[in-house]
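To start, I am sharing the structure in question, which I have written as structure tokens.
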Amino acid sequence: MTIRLAGLPEADQDRIGRTRASVAALHAELPRNELVVWTAGNVSEKVPELTSGHQLFVIKPSGVSYDELSAENMVVCTLDGQKIDDGTADSLTPSSDTAAHAYVYRHMDHVGGVVHTHSTFATAWAARAEPIPCVLTMMADEFGGDVPVGPFALIGDDSIGQGIVETLRESRSKAVLMERHGPFTIGADAKAAVKAAVMCEEVARTVHYARAYGDPVRIDQAQIDSLYARYQNVYGQKGNTA
Amino acid sequence: MTIRLAGLPEADQDRIGRTRASVAALHAELPRNELVVWTAGNVSEKVPELTSGHQLFVIKPSGVSYDELSAENMVVCTLDGQKIDDGTADSLTPSSDTAAHAYVYRHMDHVGGVVHTHSTFATAWAARAEPIPCVLTMMADEFGGDVPVGPFALIGDDSIGQGIVETLRESRSKAVLMERHGPFTIGADAKAAVKAAVMCEEVARTVHYARAYGDPVRIDQAQIDSLYARYQNVYGQKGNTA
Amino acid sequence: MTIRLAGLPEADQDRIGRTRASVAALHAELPRNELVVWTAGNVSEKVPELTSGHQLFVIKPSGVSYDELSAENMVVCTLDGQKIDDGTADSLTPSSDTAAHAYVYRHMDHVGGVVHTHSTFATAWAARAEPIPCVLTMMADEFGGDVPVGPFALIGDDSIGQGIVETLRESRSKAVLMERHGPFTIGADAKAAVKAAVMCEEVARTVHYARAYGDPVRIDQAQIDSLYARYQNVYGQKGNTA
Amino acid sequence: MTIRLAGLPEADQDRIGRTRASVAALHAELPRNELVVWTAGNVSEKVPELTSGHQLFVIKPSGVSYDELSAENMVVCTLDGQKIDDGTADSLTPSSDTAAHAYVYRHMDHVGGVVHTHSTFATAWAARAEPIPCVLTMMADEFGGDVPVGPFALIGDDSIGQGIVETLRESRSKAVLMERHGPFTIGADAKAAVKAAVMCEEVARTVHYARAYGDPVRIDQAQIDSLYARYQNVYGQKGNTA
């Protein structure tokens, strides 16, 4: 069933419906990749190419378990983080992290997807406010360097969004470890942001174990640059790195 | 099939049957969230609003595997921990932790659900008798501060129940780490207590890894208070924080 | 399909068939509880009460994956570890650990089931030749004290079996950590030995993490004795502690 | 559906089709054994006994998720790492690690299968450029000694392949930890190489935990030799050690 927003062209309604379905489905990757417990993580995606000129994104409803998510109970918001009333009876409250997602979309035009989790090892680095050093080829490939730390910020205003944007603007990394909170990742679409969340936890875990018995050597910057350029352009099918 | 207790109004029998079903189903969350091995964990729930005035709770039978649990083989007890004879042929012995659950219900009126596990990381902190410091926003959200340690106590009398109640009364935490034993969690209902058990293990694990390479900084008390108040009131759908 | 051994009374053939089915099914618990990778673990069970007076046990075939196990491809052996020829076309070679299982059955009459794994944390303690100290109530319950270490021994003769028996005879523990090798567990039947293997790994893991930040205090011997006595007699349904 | 390569005898086309199916199916073992996240690992297998004299191998397409793999979307390459055009419409780009696999097949005639992962614990040892010492009987069985480290090498030419071959030629090990990159394993066929990848991660994990509280003692070389010889010849059914 496609939920229709009032007053939008049919093509836009269809596009929103497809984004709802895609975001709902991608949430299944969070528990599958052991990035979340209970309801503690969320995915959003900007709706691309609306003919009406609206700028909208789709996000998880707050406090709903991953098993119960469907295209229908996703929440549609403006880039100000205001929920769109789509006239359905059981319209839900969006994720409590909606303001942070919205801030990222407003300030980073190339971002089409955002993911937030409290995945164990990434959050452990975040608890120490320590960036993950780029000591693995797979970090150079995916993140193009260290995974940086963003400031400690409380929920409730734009502090978290600002911290994410300021940190990621100075880095090639698609992931930021918000201090004593957890990782946020970005991508060209939601799938790419989910991939970054998966890779962020994996490198956080691997480097955690690696340093238990010695400090791994950082890869030379020129080699990181070479690996990153290759992976972004050559890996995958026709440049699709997701 | 609804099991009928003798001499109770039908409305009460129905209410007990629904609690049996709910408690049986919630046990599946324990292995699913990797909180238990074999049969080593249990969930109970107080039966709400019995018109007959009885105070009853439903708990797991002792030593039965999670795969074999059903509404029918749950055990119904009074708040003294005495099993109710419901006249079924294969009535089972309640969990060996029944006395501790009963003590909590007798002494904490707002508690409607209790969970006990030996989940790995929470039990590791319990083995050292060390509280988990509140160094993550998700701890402030869910527990409102540190997760405290309760005394070492042997099974067989009210020592464990007393230790749980005395520790939790002095804390906002829904979880207590009983020394060299394991965590007990409470909630308004069994689902909330299960959520607390899941979150307790997750923060125990994350902070365990975080401190391997430095001591994470505790969140300021005023900020903890702010996060806790917000989460208890704003998160989820219409105040449902489960 | 029941495989019939030549020259045995039908009652004994049926009993062997039931043990084959039970041992095949119990192997599924090893990967399910993450005690094994690939084919590296095995379960055996003595066939009880054969009217013919034969002493037999059923064990896993060597190098066969857990997905492919069935009652039919289990291997039946004498207590000398010699495979019984049951006349089926594709009779398989028994586990390379068969001699160790057989030695245990020959020398410990009360043992009806044996399990061997290389489960990660138990094997980590075994690699250091270090017993697991009894610092958790669940260790006192299940093992009645420390989990002891057995000698380093090579496969190929009775060295491993002797090491298991000599170590377990001096302990209440159902588990022994064979040095630089891995755990063996025993029980009244195969299910009890599988439970002991699951519990052994869980306490090995929990105590591993517990001691990372301090030495947990051993439980007093009198309290261990009390917990052990209670658990062996009171826990479960009618004394069934499996 | 069997994909037919142009100009090959039908028997060879069938043989390629069977290898496609086998390689596609074996990829499922990588996530099942938790050796990979997202698309970060690959399996290849040399096509045996082609009557046309061609030397070919089958490998994963680049950047395609494990759920989407099938016999049809596997990629067939020459031992120079050049993709064979099989005339299908959606022919895919082979794994970005194809050159390394091809180099191994060109320089090690006895190798019929190659696996590459970034499995967590093996990669942690690789990050420190530290070989895994042979302190467990299961390491002696499977690897015949330490698991060695290969040089740091960038993707894009034959450096990785050379590093793998030079390291493995001086060892009995089926696994090499490429520095700051991850493990590559070899075998007589792809299934044996997958088994080696599974065992490599398991011993990397177990020895990681073992050394946390002391240095496990290496097994004597003569005993390693004895265990290795026995396992390669006696274990499994009729010498099949997979």
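The first chain written gets the first letter, and so on, giving A, B, C and D; residue counts start at 1 in each chain.
Just so we're on the same page, a residue touches a chain if its C-beta (ideal position, glycine included) is under 8 Å from a C-beta of that chain, and two chains touch if they have at least 3 such contacts.
Here the structure is a predicted model, which means the values were calculated and not measured.
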| query | Can you list every chain that touches subunit A and also touches subunit B? | reply | none
| query | Which is it for copies subunit C and subunit D: same residues on both faces, with over half shared, or different residues? | reply | different
| said: Rounded to a whole Å, what is the gap between the Cα centroids of subunit A and subunit C? | reply: 46
| request: Compute the distance, rounded to whole Å, between the mean C-alpha positions of subunit A and subunit D. | output: 33
| request: Name the residues of subunit B that each touch 2 or more other chains. | output: 212
| said: Which category does the touching pattern between chains fall into here: line, ring, star, complete, or other? | reply: ring
| According to the definition of touch, which chains form touching pairs? | A-B, A-D, B-C, C-D
| task | Using the touch definition up top, name the residues of subunit C that touch subunit B in the complex. | result | 33, 135-138, 195, 198-199, 201-202, 205-207, 209-210, 212-214, 216-217, 219, 223, 226-227, 230-231, 234-238, 240-242
| Interfacial residue positions of subunit C with respect to subunit D in the complex | 37-40, 61-64, 92-93, 96, 118, 120-121, 123-125, 127-130, 154-156, 180-182, 208, 211-212
